[in-house]
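Two complexes follow with chain A in common, the first pairing it with chain B and the second with chain C.
Up next, the complex of A and B:
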């Protein structure tokens, strides 16, 4: 390749992967051992289809939450659902969820966090009082904004809620605070289109229940009793589907297709695409420090 | 592209200077070249790339080539400066974006670089470091202008995260039509070949070097009543400072006569200070802070054992410098490090506190039992390994080979970009290459090559400096004078 080298004893000399010795090979010599330390996919994970389907239920749940929220809002807006009923149902399910929340892990989580029931009651009371007090303001806050803008904004906020929600992935985009804030903002927007300030108050309370409290209970259910979690997810999905069906058949079918593709097709593709994975490793990789070094400082 | 070789300066003339060590490898006829080194990193910035460029240039000048360096302006240091032996450095007024690397638009540097390449009658562009945007810009423009290109890669990259996927794609684009690539170790070559999807035949391995006369042992500077472990590195995560913070308390508790000297500065210094505070080791662990390059030797000779905890390293000059000072080296087995020193001079460990402590204990045991080589012996072995003259000789061969190659004409270059870099990136960069060419045509129309003054050569076969100073040799000091363009 380079100038014709006077290779005299190449036959006997064996190439070594060392730099400190002058070897009878040109500098661009490529040995048979070139890239012999290359490893592929050593840390690649093997996925099981049903395990992935089970994990995808988090996404399904969140889609259903958004769907249920919008359906309830629509019923309120049309005057088909009295606010008292929603408040009563919400209160009852919240109490039920509260009891369940402690019952599932037999109060271990509570012991660990050291939070008292009195503190829970206090924050619930503070929240309800403030929302109730401010509900007339919430009602009139965005009155001057056109209804179309409100709808568009709500759609974007709910989409943002779905995008930034903490599904358990360790990614930079995940931000549960931002996600929750976007959902609450959407609920405030939508609440302002409801007939009275009582409606607005109950809508925002419901948003907190379904977007803040319900995922916490879900997470605990998933960790402690996976079986019942699957049941709850199916039940929730069917109720969301039913609710949507009572409003629009086409919407309900599209929603069902979306859920099926997320929970069945996407895992299938994930596993198929694993075959094309080519993760390259070799001696050039940055070493990882595997031990816990903080013990030297504590 | 047409009138590039009209000046007569690129004509092959036999090297007149005597060769340092002819050896078996240098049988082909040597031409002198007009070489332009381009990198964002150069003096006054300090580091491995900077000293590599400087030393290589000096040795190439010694071998009769004309060498200039192009970098970006560092604060007040702008315009043209001359260094030792008439090495001309252009400090271009380009904006620095991040980490001393210039911002790139791919086009804004063309007018300046073209002007320099023409007035200096450059025949080979040699870019350094994949972190330097200016180096890639220069490669891109040089190919548009039909000048031969060489690239030296000084670092290793992973393949896992998004940022490395992007930089590797850019490297593929930048290197797919570069004539030759130089890597500093075999591991680095494997890495670069994979990252840029290259033909391994056009990648040469030429290691870095150290000046053995700068790193001589001095056994009287160290106290033999205690054992001193020296660490010289930037205190950052990639250099394994976290491992060091585990090793210090572990070994200091075990050996009462063990001291640490740590030279270097960085964000991880705080954890070393915390460890020192926590274990009350103020008299045994000395943190020296940032060291100037000339002080490194004086720190090294105070120790018995040199510890390197890097997590990734393409070549690792530090361990060669330490070995040249006669220290026993203990290092992590990462990147190109196993290739650098023979087994009897280095103890290789896994990158964990446990393994490194075992390695250090082995070194301490050998030291106490007197089975270690004496510093003078180690120095004498190491000083033959890596010299800049050898590096220059081997680099020169790359230049010879490259200068005989044809630069891809525009149509072939576009084909190469499209076929080699993937459908999307390939077309985008082919389009950019066309824009670059159109811009070049416009610049040639604005200021034709013929009216650009030819620069006075300081170095090279007709270098004013070489003729003046050939009888009155005075190297070693940096002679600087400013010159207006």
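Up next, the complex of A and C:
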């Protein structure tokens, strides 16, 4: 690369960017070619606005899940919603979701994971049995603990659930296990405040449906049929908004603002900020190994 | 170099004669052991010295002459003394003189061989050190001998030099056997020359000790053979034997008695002292035990004790019931899980009920049991105390049971919580690598784990409170038992004989010596008096402490706290893991 450069002054020795030869220049000498190799923003990505809005729907969905869960719990606590209704609705939607889950990709995912229907049935039985068996214990578990403590704990746990949820980003903080566990902990805490053990049982079952099963279905929907996914997201968001509106108008408006800012304003802001990006690259970068080195590992 | 002459004080007034003793060339000192009086036959003297040398393995020789009462070395005596030097050749030749009744001492040292440099004076500087022969003979210089106090200026005797002096005196006991009443060919003057010290009682005891020791050793070996027979090794008996402190104490005492009455002679003074200490400790123990026995069995004290014992046990049970009822309410305003609280409280209350019925069933027999137990005091106070400790352990068995239940429950919770907390974070304990790894769990595992985690977390305070209260009760009982064991250990391991010796005969246990200046004049030999420094009491205790034979668990405070925190049982059960260590 150095040899291709034209020689400006033939009398002077040509400077070479090597350290292994003795040259008549000081060590920190560079010539005019220094910044020729500077590159800017080579890895910067151009975002499409509507694509970013589409991706942000995962966050919206999760916020709506938490909101729906809290709303349902409030209805149960107030006695406005009979547990049988919730159980029936939950059972029906679970069955529908289960059928959809296999129908969307025509059983390809199931074949790939090798999970049998017997295993699904066993898991479902384990959920139901343990929750039903422990529901009397759950009912009396936090009797002596103050309600405010329980609320604070639940809020922290649900926030933690939102923070650690796997939204598809590749970051160290993401831990779907921790996120799910925190949601279950919060649901157990909230369920222990309900008036009867049947309520507690149905609340915890509902928590599993909305926090564990629903995101799995969402992921598949998003991958296979993006159009229907957008529709489902809108529907879900409106239903959460409606549920919250029936409890508190101010809360509903704040929630709607939050959703709009996340799905519309934040993508817009991201694309605007992209213009100010100034990433420089050059020969001073750290060495980067691009080859696949796994053959050396054996 | 200064020549040191150690001279026994008892010979200071002896008639003239020859100085018999040992020359220590390394220290450049002469240890005079006795004065051999005129007249004598040189052949007899040499025979005697050879006999002593053979018996004591000490190089005893004639060191010089001793003249007492001459104003000046006479003209006739001078050559005579010079001539003696030719008969008993010794290098150097000492000539000690003392005026009769006076305080003027003179000492002359002559070396037969001419010195290498002719100008150096033939006479060396001499230092006379007086020592009490009896004390030095009987005393035992301790191995960690401190350097003697240099009170008298340039008195320089290193510890090893002192040890040589003490050793020489102690080993040449054969020389001191003869007194002035013996019809021997030679007459000696030493500390026993006025008559050999002896006591009829000591002689009788010495004479009787042999057969008695043999008899008792036979009896003891019979007992120990019986105690090692197979029946005692079978499961329940061996287990009981290792847990009851009475059995431990009896075994310990048996070992002590075997040591005391073993027919072998003690090899070293330390071993002798240990035997004596053990014997005195056993004797004192038995004496105290007999006193206790006579106190207990007089005036129907056993009956009173038995009558008092049942109400005390009842009272303890009642207090425990009150405590449990307090715990079942809202103790100290703590928020406990009511359902679990009720379950635990009722369980423990039923246990107390069972215990009280058991005590009442036992009550008619308590007096007889106590009477028979009281008889064991004749084996010694320590046995009685150990028995008391065992009785306390048996009478507080319910507290122990509560503690074990509480600790087991708490331990289960703690371990469950710690492993479920790992599951909560999506981690697991890797046994092979001894570290926490991340792990992907199934959905149902996660769900059940979190459910259990929540339940255990909210139930933990209740269990922890029960555990805390019962642990405190248990620690109280253990502290009382520990005090009893400490007392027993004190009696077992206190070196009473050595302490008594230190109190009554301080010179017997020497830590070193100190020197007092008697006379310091120019032209005269420096005269010093050697006195024995007794060993300090702390040193006596440290050196002669008998090994304690308890089976006390050795816990550091840190490990104890750790065990308490994790709910592991502290005493006396061992965890299963401990056995592998």
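The rule is simple: the second predicted complex is superposed on the first by the 256 of 298 C-alpha atoms of A that agree within 3 Å, B and C clash if a C-alpha of one lies under 4 Å from a C-alpha of the other, contacts with A are read in each partner's own complex, and residues count from 1 in each chain.
The working rule: a contact is a pair of C-beta atoms (placed from the backbone, for glycine too) under 8 Å apart; a residue touches a chain by one contact, two chains touch by 3 or more.
Remember, it's a predicted structure, so these values are computed and weren't measured experimentally.
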Which of chain B and chain C A:290 touches, first, second, both or neither: first
First (chain B), second (chain C), both or neither touched by A:238: neither
Chain B versus chain C as contact partner of A:17, first or second or both or neither: first
A:130 touches, of chain B and chain C: first, second, both or neither? second
Partner chain in contact with A:103 - chain B first, chain C second, else both or neither: neither
Residue contacts on chain A - larger count, chain B or chain C: B
Partner chain(s) touched by A:268 [first = chain B, second = chain C, both, neither]: neither
First, second, both or neither for A:282, with chain B first and chain C second: first
Chain A partner contacts - residues on chain C that touch it in the complex: 335-339, 423-426, 440-444, 446-451, 453-455, 458-459
Sites on chain B touched by chain A in the complex: 24-25, 27-28, 156-160, 185-188, 190-191, 193-194, 200-207, 238, 240, 242-243, 245-246, 249-250, 271, 274-275, 278, 311-312, 315, 332, 334-336, 338-342, 351-354, 385-386, 394, 397-398, 400-401
Residue ranges of chain A touching chain C (in the complex, touch as defined): 123, 126-127, 130-131, 134, 137-138, 140-146, 175, 177-178, 180-181, 184-185, 188-189, 204, 208, 212
Residues on chain A engaged by chain B in the complex (per definition of touch): 1-6, 8, 17-20, 24, 26-28, 30, 34-35, 37-38, 279-291, 293, 296-297
